[in-house]
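Chain naming follows the written order as A, B, C and D, and within any one chain the residues start at number 1.
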Amino acid sequence: MAEMITVTLVCFSQVRHHIGSHLLPIELPLGSTAGDAEADLRSRLPEHVRALPMRVAVNQEFAERSAVLQAGDEVVFMPPMQGG
Amino acid sequence: MTAATDPRVDTRITEDPLPPLEPDDSRVKLGAELLFHGRVRDEEEGRPIVALEYERYEGLAEKELERVALDTVERFPIDQLVCWHRIGRVGVGEASLRVVVWSCHRVEGLEAMAWFISSLKHRVPIWKWAVTADGERFPSTCGHDENGPEGDHGTHAH
Amino acid sequence: MTAATDPRVDTRITEDPLPPLEPDDSRVKLGAELLFHGRVRDEEEGRPIVALEYERYEGLAEKELERVALDTVERFPIDQLVCWHRIGRVGVGEASLRVVVWSCHRVEGLEAMAWFISSLKHRVPIWKWAVTADGERFPSTCGHDENGPEGDHGTHAH
Amino acid sequence: MAEMITVTLVCFSQVRHHIGSHLLPIELPLGSTAGDAEADLRSRLPEHVRALPMRVAVNQEFAERSAVLQAGDEVVFMPPMQGG
């Protein structure tokens, strides 16, 4: 059985609204990427939120979906930004 | 808040109301001072609201806001750029965003202002929730698309 | 001074320093507030100066300034335009011009601001004299050409 | 001999600088136009000022050079404007 790690998804805007909380710890097999975490997250979201383009950040920096996650990472999938 | 590392930019994200503008006649080389206030409008997605609540991804929002400011002073011949973005609850009519650009001449100031605000809206991880008179709080469903300024339909606060 | 006849515009030509900006959160329909200050730079035609002295053709300057403002609110989807132009002696660093434009969204505000200032510079009969530290007073020789905004080389106060 | 009228040229900027005063009364034959007044004014100005494009106003309104002047008119030849 694969070794598992825990990362924390930080949720904003519509993602937060549907997940129901700001922080969502998830378990993933060691070696998982941000893209794998995103698949987990999207499976928990309704269709119209799943369809949003999202940018990825890991540990407070923009990242690619191919980034390999480490235990304890803070991972964010960001719906379209709305500042200003 | 983030301390600017370049004297040309001063970017802040703050929960406090934006302070009144102080008159400042000290910039004797810079003929053009351009200021933008983004204010909260009284409706969101067609529904009347009493406030917007801005949330940010703390850490990245501050870094990215400063990077957008630095990109702007690199890209346009302007001398100084100040941007304060208010977060938390901002009442209708109040300013959520203040941007000030100083330059020798107005044309570059106007161009820099347009580019900066558009970039901020697309790059800085800040989102808003609408608050209605009966206390309902819903996330704005309408963000800016990823195509850059030309794709910015701008149907929101400003 | 001239009393505006249309509530969308407020144009004034005044010998007094421009008053400090008052915070005003009352425009709940208008998300974008854009302000421009034109300030006196410390040189004119390459010579250091201590002030500019603005003169106007009284009567026509007031009428034409208001017409430029009205043309702007007709041409762009903005809601309100305020322009105060200071005349007489204006010290280095001080504002000779204040323009404020309110609109629902920022893009039209920026476009209206650019067009208004450029039109003002070409149409309103106001001229400037440079004042040097030793009290010499000379008329600026450099105006804007008659070709409109694109011919505006903008080498002066802003 | 033609009947003469007096009009007042109001001078600004470089025109004022070279004329040396704000108001310059001039006499013109009855029926003269703004263009005739301009010819009189330009003859009093140095070459580089004469070369400036000037807009015309009569009695505080923009006017054409073909406008026929009346006794007592206020006539202005405006060098390039410099507001802002």
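Quick notes
Keep in mind that, in the parts below, contacts are C-beta pairs under 8 Å (C-beta built on N, C-alpha and C of every residue); 3 or more make two chains touch, one makes a residue touch a chain.
Since this is a predicted model, take the numbers as computed values, not measurements.
Chain A and chain D, compared by their mean Cα positions, are separated by 75 Å. Separation between the centroids of chain A and chain B, computed from CA atoms only, is 26 Å.
Remark: chain B and chain D have CA centroids separated by 50 Å (rounded to whole angstrom). Among the residues of chain C, those touching two or more other chains are numbered 38, 117, 156-158.
Across the assembly, chain A contributes no residue in contact with two or more other chains. Taken as a contact graph, the chains are arranged in an open line, each linked only to its neighbours along the path.
Chains that are in contact with each other form these pairs: A-B, B-C, C-D. For chain C in complex with chain D, the touching residues are 38, 54-57, 59-61, 63-64, 85, 96-97, 117, 120-129, 138-146, 156-158. For chain D in complex with chain C, the touching residues are 10, 12-14, 16-17, 48, 52-53, 55, 57, 60-62, 76, 78-84. Residues of chain B touching chain C in their complex: 20-21, 23, 25-42, 91-95, 104-107, 109-110, 113-114, 117, 154-158.
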